[in-house]
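In the two assemblies presented below, subunit A is common to both, partnered first by subunit B and then by subunit C.
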Partner chain A sequence: MYKYMTPEIIFGNGALEKSGESCLRLGAKRVLIVSDPGLQESGWTNKIEQCCEDIDLPYSRFYGAGINPRDVEVEQGVDAYKQAGCDAVLGLGGGSALDVAKGISILATNGGRIADYEGVDLIAKPLPPLVMVTTTAGSGSEVSQFSIIIDSKRRKKMTIVSKSLIPDIAIIDPVLLSTKSSSLTASTGMDVLSHAIESFVSLAATPLTDVQALHAIKLVSYYLRPSVAAKSNVYAKEQMAMASLQAGLAFSNAILGAVHAISHAIGGRLSLAHGDINSILLPHVMNFNRIAAPERFKQIAEQMGITTAHRTADECALLAVELVTKLGADVRAPQRLADIGVEREDFSVIADMAMEDACMVTNPRDITKQDVLDILHEAY
Partner chain B sequence: MQNKQALIDSLTGVNSSKNNYYSELKQTVSALENKNTKLSMINNVTKGFHVAMPMEEMLEMVLQSLDQLYPVARISLSLLYDDSLQLTQVYPPDTEVFPVGTTFTKGASVYWEAVHARTPVHMLVADMPSKYAEKRAFEALDLIFTVSLPLYSRGTTLGVLNIAGKEAVESETLDLPFLQQLADQLAVHIENSRLYTQVLKGKQEWEASFSAVQDMLIITDQEGFVTRTNPAAADMLLQSVPDKKPVHITQLFSHVRVETRLAQRLDERLTIQERVCDVSSAPVPHAENGVSGIVFSIKDRTEQLQLEAQLIQSGKMAAMGEMAAGVAHELNSPLTAVIGNSQLLLRDTQTESPEHQLLTDIKNCGDRCRNIVRNLLTFARQDEYTMTSTSLNHAVQQALSLLYYQIERSQIHIETDFAPSLPDFHGNSQEIEQIIINLLMNARDALEESTVSEKRLTLRTFEKNDELHVTVTDNAGGIPPDRIESIFFPFFTTKEVSKGTGLGLSVSLGIAKEHGGTLRVVQSSAEGSTFQLTLPAEREEHHD
Partner chain C sequence: MYKYMTPEIIFGNGALEKSGESCLRLGAKRVLIVSDPGLQESGWTNKIEQCCEDIDLPYSRFYGAGINPRDVEVEQGVDAYKQAGCDAVLGLGGGSALDVAKGISILATNGGRIADYEGVDLIAKPLPPLVMVTTTAGSGSEVSQFSIIIDSKRRKKMTIVSKSLIPDIAIIDPVLLSTKSSSLTASTGMDVLSHAIESFVSLAATPLTDVQALHAIKLVSYYLRPSVAAKSNVYAKEQMAMASLQAGLAFSNAILGAVHAISHAIGGRLSLAHGDINSILLPHVMNFNRIAAPERFKQIAEQMGITTAHRTADECALLAVELVTKLGADVRAPQRLADIGVEREDFSVIADMAMEDACMVTNPRDITKQDVLDILHEAY
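What follows is the complex of A and B.
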């Protein structure tokens, strides 16, 4: 028995322009636009404001989302929402801005503090109409039931899981990816791959998520390199946007695994790009999980272009690990934890936190704290 | 392992769904409906209460209303009397377990806890401290939960309302603020009911006094229309103004222009329905310096005045009687000598001699003098008046004999017309003689002042309709119309101070009434007037 959930999805070049009227269709009278300073700089927030003005939809701004979504930002955002008398939220950005937008929505109708909702299904009341425009082709937050918010006091990424967090409308406009730096493209691209692979080997994977995951793996394998290589490669960007969407749908429904559990633990302590951490951890976790689902890893290898005939499943799995490592290297994603500033003395704390993370539940291989520490050491 | 699968299930959401505005709306609507039900309940309860409602009925109503919302099985009311909290009402009644009248001890009672807390106290009977007196009773009644609600009105504690039920209900479900609102409404009504009872008692006391007063009390509105009377006044009003239409006070005091004095206090003696009355009035004060009406207090002085008059008159009569007796005694001796000596002389005188006629005259005059003296003695005798069968003609003749010469001397012609064989009346001859004397003297006085050429006084007796009548008629020109009403009042006189006291007619009227008769002016015109004394004829044959 399984369930598959998805928001309404608008995909395509220029889909951004549908953002304003999407809010209007959901009954918005005044919308709070949630975004980050980077997007303001690149002019995308102006574009979205223009969309609202064109259809006379009043809006208020909250462009205070940081590189990682923090509880403080959520609280500031909800104050802005209430002061302006908003009744809908329009998120524009990568995973951080979208998760902050989700956090604001939770508090807007449910009240209290964001930490009250950490865990599964703790949101009692429906959120205001929520429209999300992704700008990174990575996080999958625009289609997922997850919101990851950092608890500033505990220095921990809180995982909030609820069907109510699935936005009403997700807008994926590949054109938005054209302003991204190559390193961000690489980092988010590797994140998409980690979503796809983890959800495919997840204990909660279903035929519906498998299709999405495998196709996403294939798209990343073929189009991440050209997408990183040239901002102007619109076709590659479009394919990466689709890969991100499909991976997002897959992990939202099949959940993730140890990569994300450990990554959340590291991200809670250090302000690092989520995609970079995932990129480093992914091959090591795949290697650890390899023996849990050899046939699955064989299929991953197939999607990545390996000829599986005359090869054992484990041979294929090892090849897949190698290919992932190579892809990371090719797009110049970070390779070692040491390179991005993670300290060995934090490993124990990180391992403890990772063991508690909801994503650990669906990891295909049973895992202990020592296993996590081993992985961390290997990836250092 | 099972645990892990359960976690995966909750993560993938087989057992949960996106929250939905429709269900949220339904929840909100149902919460509103619940609130509405409660509000309308408070409204109904409030509307249903009325000040005179017995407490038990109120509780029954509250219980029935609450029953629609919660499993409430018992409701009780405890009221605070001078720092003593006492169980006053229980519904349904369960006197055996916890009798009405039970008082609760501070510190050992959940009711007291509510009084001190000033907020609803919700408790499961099982959790109740065993020192609480109510615990035993609730347990005996199989009650599971109880809520004690303090009753406050205008800042004072009235008591505690307690509701209890046989199923465990959480305080959230009970909606304590709502129950407190209900209790507040009840408190207001209990307070009102108490005040009403006080006011009602005051009103009843006042009304009883109002009815018990023998003086007539009349209350009018500002315009002078009668709004309320006590029984004494109602009788008088009914005689004076028989129809039931709004009666104006001036219809009662017709000859006094009361309307001009409505706003002022009135305090004077007026004549109402031939009664002498002291009338006083006072405005009924109303809020904001206004006047809502006027109270008239009417004291009937007639009896009192007549009594006074009779007392004075009898005092005078007593003095006069003594004097007359003295004079009569003094006259008796000389008269005996005159009569005796004239008889002796007559015996020795020839009938034909001229002296004989002279002596006869002396003797006759002496006899007449002795008769007068004897009559005078009889009239003035201060015996206890006894009522016996008496001849009216005899009494009239006796009276006339006393005044006959006086009247004749005033050049007044006396005519008499006495009906023969009149029946007797039951009464006192001397008293009736006094009436006749008064009437004759009044007629003589009037005729003396009159300028009519042929002065005439007619005295008649006759029987009509089983009544005996005496009329005294003069031709002295009649009584002025504006005086006719007053002539029977004590101390009313038209005569000089030396001649009259103003008591004659009023005392005569009193005597006539004592005999069950009347004394009236039956005719008064420019020619003259007729006074008529009417007495009932004695029905029974009497034997000497």
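What follows is the complex of A and C.
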């Protein structure tokens, strides 16, 4: 028996303009807009403030989310929420700002510290109305039941999982992707691929998630390169926005695997783009996992354009690993852990943390600490 | 720009047992169970009452839904709801009982008569907590924003569309399919196919609905025959339950087309199984629609097992029409309108009503009253 949940989704060019009225529809009287300095600079926070002003919805600002979502940001945000007397949260951002917005929402109605909610289903009280506008194709946070927050003291990415974290309304506006740098487009695009592949081979995969995951794999294979190549390629951005959404629906319900478990462990120690770490780890974890589900990896290869007729499932799986490596190289995502500053002496601590991560539970192949260490060495 | 919404879904053998606690989780104090005499006879209403008793959730009964959902049943049901002081609705049934349950929910909080809500988005106030357990693979009512209710005076099936009609929680338990007769399995299975095909070629189709619709088409093509052949084939029933769910998610968000518009017009006049009418109309409407979207029909053919390489899209589309006809024949669904009692002299009234149906708006090919008449004559 399994469950499947999604937020209400509004998708399309210009969807951003629905952000204010979405909050109003949920009964908001004063909304806290949560975002980051980069989006402030590129003018998107002005746009969203304008949406609120147009319909006379009072708002307050918290634009302090960093490249990775941190407990201190959540605490600052919830102070802003309470001081201003807000009763709803409107997140605008990539995974980091949206995860901070989720953290603020948890503390707004449940109190305590964010570390109290690490794990599965520990949020007792309903959250305030929550509307999320994604600006990357990307994290999938706008549709998922996940929030990943760094515990500063433990230098650890905490995985918080609860269906309360699924926003009420998710807004995906491909126009917002036009200001992203090519490296951020590449990094977040490889993150989408890791969501889609990990959820498709997850132990918790279902037909409802499989179809979304497979289509996301196809879209990334076809459209990530042109999307990275040209800011002006609006069609490719739209397709990547859809890929991100479908992968998000898949992993929110099917959960993930070892790529994310290891990536969270690394990301807790080093302030790196989540997508860059995933991009490096993905082919190595696929290579480790492929004997657990050869037929699934064959389907992944098929979505990526491989002719699977007259090939064994294992041959197809190996080809899929090669294609993922080549895609990362083509879009100039980083290729080795050494290149992004991960150090060998941290491997043991990283492996220990990865083994404890909630995402490890659904990895399709049984995995030991030694296996994680082997993957880290191969990816170094 | 488009929207996508689903209820929370619980799927799997034994999921029925989650029905009572689902109501409780939504805050129900006394629930009205809505069902039909057939399900009472087969013992399923006893089971659901037991689920409520096990958790001390008070309930009342309205088991008066017929083979087609009628306004008078909705009125009787809402009287029962009010007299017993209910505050939530738990539907158990095929499309008919579930649509009556939706009608009761509308009137419970919005008042008036059910005909007041015919059309799109006319429901102002939120409905009471609504949990639906489907017993057919089937109508998709358990996940859709539709309710179809017969207006007795006008002898018309009213289409009511509103996102308020999406239940809070949908429960799909394949075990419930084991008591269905082979003819009901066939009829409802052909209905699933018509949902999947109509939503895939709908003008409102999106990638989110396409992937669910295509997979539903494949599942019906593979599993409807064995499901009709043997009550004991549990695996086939599970696959048909998934097909019904995926087709339901697709059509709730992408809407339908001429098959349903014409079928509603016929069903308003004659008390016939909805699936039987759809089964007869489907290949004829496909044949009419195929020039509007040849590439879409090619994909339908591919899902049904046709090798599409070295064939034109139009050849594939014609083969898809043939396969649908053959599937209906193999499962002994009725083949001609004359066989189920539709009379030629009613064609003009039926065509007029069909042209007004909300489902006609998303039909991919422009259609006139004369086109509808031609389809009716071909299907006679």
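The rule is short, and it goes like this: the second predicted complex is superposed on the first by the 380 of 380 C-alpha atoms of A that agree within 3 Å, B and C clash if a C-alpha of one lies under 4 Å from a C-alpha of the other, contacts with A are read in each partner's own complex, and residues count from 1 in each chain.
In this text, contacts are C-beta pairs under 8 Å (C-beta built on N, C-alpha and C of every residue); 3 or more make two chains touch, one makes a residue touch a chain.
Only a predicted model underlies this, so the values are computations on that prediction, with no experimental measurement involved.
Novice: Please indicate which partner A:Ala358 is in contact with in the superposed arrangement: first for subunit B, second for subunit C, both, or neither.
Specialist: In the superposed model, A:Ala358 contacts subunit B only, not subunit C.
Novice: Now for A:Ser35: first (subunit B), second (subunit C), both, or neither, which partner does it touch?
Specialist: neither
Novice: Taking the superposition as given, does A:Lys3 touch the first partner, subunit B, the second, subunit C, both, or neither?
Specialist: A:Lys3: touches subunit B and subunit C.
Novice: With both complexes superposed on chain A, which partner does A:Ala254 reach: first (subunit B), second (subunit C), both or neither?
Specialist: It touches subunit B, and subunit C stays clear.
Novice: Which holds for A:Thr135: it touches subunit B only (first), subunit C only (second), both, or neither?
Specialist: Touch partners of A:Thr135: none, neither subunit B nor subunit C.
Novice: Which holds for A:Leu127: it touches subunit B only (first), subunit C only (second), both, or neither?
Specialist: Only subunit B is touched by A:Leu127; subunit C is not.
Novice: Given the touch rule stated above, what does A:Gly14 touch, subunit B (first), subunit C (second), both, or neither?
Specialist: A:Gly14 contacts subunit C only, not subunit B.
Novice: For A:His215 in the superposed arrangement: first (subunit B), second (subunit C), both or neither?
Specialist: In the superposition, A:His215 contacts subunit C only.
Novice: Would you check which partner chain A:Ser164 touches, where first means subunit B only, second means subunit C only, and both and neither mean what they say?
Specialist: first
Novice: Find the residues of subunit A that appear in the contact set with subunit B and again in the contact set with subunit C.
Specialist: 1-3, 5, 163
Novice: Using the touch definition up top, name the residues of subunit C that touch subunit A in the complex.
Specialist: For subunit C paired with subunit A, touching residues are 1-6, 8-15, 18, 163, 206-208, 210-212, 214-215, 242, 245-246, 249.
Novice: In the complex formed with subunit B, which residues of subunit A make contact?
Specialist: Result: residues 1-3, 5, 120-121, 123-127, 145, 161-164, 166, 203-204, 253-255, 358, 361-362 of subunit A touch subunit B.
Novice: Which of the residues in subunit B come into contact with subunit A in the complex?
Specialist: The touching residues are 4, 7-8, 10-14, 16-21, 24.
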